[in-house]
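Each structure below is given as structure tokens.
Note that chain A is present in both complexes that follow, paired respectively with chain B and with chain C.
What follows is the complex of A and B.
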């Protein structure tokens, strides 16, 4: 320890800053008091699970600039009021640990002055009074995220507009916000640079027009799924600094509107127009001609026909590195034209009619720098195309081959031989894949995400190869892989310690033993295990005891799970909070549900239960869940 | 060629050929030369004759008489008082002179100026006629001659325009006192002259830029004769229609000053509820037509078609005037002494303008209790839409349409849309019926001044006060309530805005002002 003590504080800070993951930082905190202090002094962002500790945490971290309350299930007006009182609250938080670290006379609201970013995503319990209090208290706030607060409306928007310094507002899926609310924000926060209004279905042209008039510094604008028309694009075209524009699913805009874009927004670099049914190649040409510095262009599922003229236009865009034209009809000559865009790094060709072996070969002959290639549902491509791709594009990191039925283990051989940087591979529904193929693939040591759903031909053996070599894997999808059993899970649990997401639904061979193996995966976060008949309460108990981080659990139709498993789940899974789907569990009694819910209800946000339980569950359980902000879906 | 030389010499001989001397025109024309009318009439006759003349090919025939006419005005200086028309007019003119004794401008001089100008236009017209007549058959004329002719005509036109403007300029500031529109036919005549001159002047001004001045010149009299009746009828239409936009309607009309007659009604006259009075029983009417209908009751002599016909119609063809009105309020842009005077087109415009701009807004909307009007028609128009103004700005302005609100917000820095509290919409329809009733009462019993439609509003205020006792933002002075008499209004329906406390506190204030002003007298006295 003497050597550790000799390290000066700033050296420790430098070391601390090298820590990448939350887990490592947690370990660091636990080393000793000095390390804990370094953590406290250096830490700039905080993501809180429990609102009970928030006050003391805020007092302990003076450098905090980012506060994330998105996983705090119930932050409401009352909690905010208590948080913002300058005196000690009547229901005093445990401050014993913090009092030794923080000077006693410090202003308990000091954190409000340092805070720059506040994430209140999914804070459905917060009302406009509380929100306004927070925004007013944090005078230097620059970024606020209230996305997925579905109940938010104009009043909440008005509360946000109190933050005059705000540069970034994210309000995706605030369903109640109308043009009026947006006008409030536009007038109140004139410095806005990033605004995301995705799924704010009530917002229309007038609001957008006003926003563009009042907030001329806008750099990022997301209007996805809004009912905006060309009028909005006309106003958007007048924004001098806009760089990123997302118009996903704006079906009311057409080529005329895109001409406004083509003539305006001189700095536009990224534009996403996917699922805009009204646009055609003509509109895209006007956009492409107006913006030579375009970097990303997403027009997936917008075009029915992708003309060669359009693709030739792309040649002039020297910086273009990503283009998505999923769903369009593409000819071989178009591929030829596209191959001239040597700067391309990412191409999306999902569901493109006419994406053939020949076309792809032409494409990759030019675009050798490709890293991401999406060939979802290009049914006609075969191993030959994969050979050409892997041979030309050695830097490929992501390849999506979902539903490419013609490819076989040869393709995986090519990938395993040439594309050693591959990180993500989607082989969903590729019936030609077998264990040999997976063995070839295991050469791709960087692999982190592997989707093998609906590949019934693979077995424990093949997955064993992957698990033994691809140690970086954090996500595996084995949905309906009937050949998978407990041995595969054993291999995964020993090889892929970083696994965070796993889908085992309908892998009916998995038993309690497999669950025990899974219990060794400490990082496991999201587990889907529908319809595993052979798993009982014992297996669930083992899982719950081991996977402390488990947050999302789907155990629909696990009919043999009984109360004992539930109790264990309730006891151990302290983090289980966001979603639990607990339906069709015949053996679990009402008491079991009640117990589980009672223990979890502080944290749980969303639960899906069988409709029959509605009347069986005691009313106070339901009411308490409700009052804590938990959503119950009855199935 | 001789003809042409002759022309030129004559023109040179005339004083008006020198554009430099236009300003001392009044000295040149003796003030007592009142008798230009017979000349004018004869010119008109001549013109008619020429137009009807079928022998167009006989140019010599046409030119000769025109020249004799041309020379006459300047040669026969002594007037011809034998003309009965001129005598008649002279008498009227004397009346005018007596009327305008106190004023500093001399209508005689003005008349002379105008007559003089008219004379010159006719001379020019005939000159152009002559040119037209000669150009047709003799195509082989040298170009320089044509150019000379053009120069000549252009110079003449320029001098006419300059004189016209200077005349107008001398006229404008001098018109001050009000002259009743009905009692001033000579002034109308004068204005008509001015109008003709103006029209012809502008016609020349326009055409002088073109290559063919002859066309413009020959057109002039026709144009003036045609345009004026149209104007007159247009004004009639306006009066009939009771247009509301009258004030703004004439913004674009660019009548040069002096080209129209300016009338100014006195304040009392403007605010008088009735303008037409029965000579027998003294009953007053707003419209002349109503008076005529009323007159039928006084005897059969008033039932004849002639008595029932519109009185001004037959005069319209002869007395073609452009009448414009001045607001009696000093300093108003519509006042004739204003630097950028913009005249009002009709008497109705004057009335509405005066009430809107210079009178208290005594009619308060009983629905919103915030909008006030001084013209009852405005109130009615507003009430048609009131309640539909659900788009509210933070500044208190309401809009019936969302895009209007957003346009407003775009325009004004710092304004934001106000988020309405949940309103009770139920009371609105009832409230509307009630309003109509009270409006009717108001129309029947009071034509002017404070009236009743606001009585519902009074009730609203009372209700609002009850609802807002604990709201600090809606402060009321209880005195203002006691000052106004609310007796007998308890049967009225509750306000639509009962439960909208904070958002409408400003409305309450406004309505409070209203009650202080005239709520008591109007409502309590008149509704029983």
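What follows is the complex of A and C.
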């Protein structure tokens, strides 16, 4: 009868556009030629994995506006030069040059005119020459991301400044850029709206001042960890459209600077001033008083004391959604003042000295709309506080209770009864919880991230309860949970099919049988399994064969894994390209390592190996790894 | 087949008689649809505005069975006082049909330019594709490819691991 193919192309395009995830779009384009063509005609963003195909891909995908080359190894000036030649000259890899899917006569450089966003983060091979060529060729480029290209400096900044239409520049961790480079960008890219300069330590007040003078349309500015002073805040205050400002770790600014801010930036909505040692409540008061539309305020680990006056100021901020005052001393009356901000959805009180049951009860009696609450290391709170929180804040989605060791299974009972929308729960180091508690907690069917690290009192039984009911779990942390063994993994493998991240480090009861169960988790992407000395090559093979999407693996100290397991890992783990921590695998021979590395060096980007191997691995292997863009860290 | 609602018996002056439009399907069956409901279809809306809607409107590409359901859809969505949740539930039931019928709905919605039905139909198909491997998609939707082995290799080859 009628099949999907019988629909016209425009209808198929509509259906294709309804596919939300990259994975689905990939499945679509592999079905048949017509579907592949629809993907080619419609797809607007591409994340390229192999540079050999870049040119033909760019020719075949005419609607691209976003190109992500951050995971494509060997992007360098030479590659760029070849990309930008207009003649259809034979490429170094002839197989990719001919593709019957690309119609003849198409201008091979048409893609440069369509491109709006270019991601080149971590493309350490690219130099200022290649960068300038690309920027000049893509005349309509609006957004460029060169973050973590640590070698980038002022010459690369000058190359970026050739993009007159740029609206967004991300240069986090471009360690060589100084005020001179920033000035060039400010002068060349007058339309900038979003600039991120985190960790660009050489930049100072001079560069920031020029940026604020020239780029008056700035809406988003991130100067975290820079050595900027109050003078920068004076310049920033003059920006009429600024909405989001991040100054994390700017230890040279203080309350005087905040006063400049208080009087300027009329549209400021989000401000992040965490880890700024020089500021105090007074400075924040001037910011709060000047900006009634403030939505988010982050002052974590900046204040020693959070005065009641400051908290009372917040009452006037009708749109205040999120406030983080981690690390500050707060009093019970301060909590009372805070409870008047009924619009609050997120509160961060991690490591707040003075957070007591009474204070929290007062807080939640007013802030009933809370969804995210961070009470990390608030040691004095007990089940009574959790009762109040669960009862008042029925919409709670994220609760962090790390190191709250007086919490018992009663708290989990309250959460399981009242907070049924709970998605994220951190119970790291909560020595008081047990399997019964987990049984109560399993009523929270929306649970997706559960952290139970350092909880020795839980066992396979408790985890079994969670696994049988909480089907949406994506992330579980069981670091050093000694009571966990193979049965827990059995439960997880049948109940939590969406599991993506798992930490089993030091759960030494886990054996090969457990690994086999893990192999049934097809979505597993990030696994930490340090020191599982009962796991051998057999288990690792089962894991590698089953978990096809595994990308991050930490196998430190797995002393019984030998060559066969290791080889299986290299053979099966096609996606293992992010990081592989392979230290202290005593039974794996040097040959085993070499073989594995040879097999997967095309894909792997970072490998951590024991320092002793440095002298044993042949230089051939090391050089090839290096030239493939893989970083080796020696432990 | 939708029937015109009876005039409400109340003490206020009777509402104007609802204008009806008659559609004829490809197999000769006729269906009546209220003008307000017909406005959901841009094609019919244009015809109404140009005053060609007074006589029978032939809809050649759509069979009677499908046209009946489409008329039902438009009438339901033109109803006043239905809240979003129950409409959503009704929509879900509407598209809980076999694939052939679903594609017929999509084609009909495309021909008559009914954006709500078109989006609903296409998104339903997209949701069915979600999470499936290429082979599963082929099987579910009975797609028979007539690719030569070279073309097959081309689609699968570089496609699988050159990009995401």
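Here, the second predicted complex is superposed on the first by the 618 of 635 C-alpha atoms of A that agree within 3 Å, B and C clash if a C-alpha of one lies under 4 Å from a C-alpha of the other, contacts with A are read in each partner's own complex, and residues count from 1 in each chain.
We take it that a residue touches a chain if its C-beta (ideal position, glycine included) is under 8 Å from a C-beta of that chain, and two chains touch if they have at least 3 such contacts.
Remember, predicted model here, so these are calculated numbers, not experimental data.
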Inset, instruction - Check the residue A:206 against both partner chains and state whether it touches chain B (first), chain C (second), both, or neither. - result: first
Legend entry - Greater chain A contact set [chain C / chain B]: C
Inset, instruction - Considering only touches as defined above, state whether A:53 meets chain B (first), chain C (second), both or neither. - result: second
Inset, instruction - Determine, under the contact definition given at the top, whether A:155 touches first (chain B), second (chain C), both, or neither. - result: first
Inset, instruction - In the overlay, answer first, second, both or neither for which of chain B and chain C A:7 touches. - result: second
Legend entry - Touched partner set for A:21, first chain B, second chain C, both or neither: second
Legend entry - Sites on chain C touched by chain A in the complex: 99-100, 103-104, 106-107, 110, 118, 122-123, 125-127, 129-134, 137-138, 141-145, 147, 151, 154-156, 158-164
Legend entry - Residues of chain B that touch chain A when the two form their complex: 402-403, 406, 409-410, 414-417, 419
Inset, instruction - Name, in rising order, each residue of chain A that touches chain B in their complex. - result: 154-155, 158, 161, 179-181, 183-184, 187-188, 206-207, 209-210, 213-214
Legend entry - Sites on chain A touched by chain C in the complex: 1-8, 10-11, 14-24, 26-33, 36, 46-50, 52-53, 56-57, 96, 99-101, 574
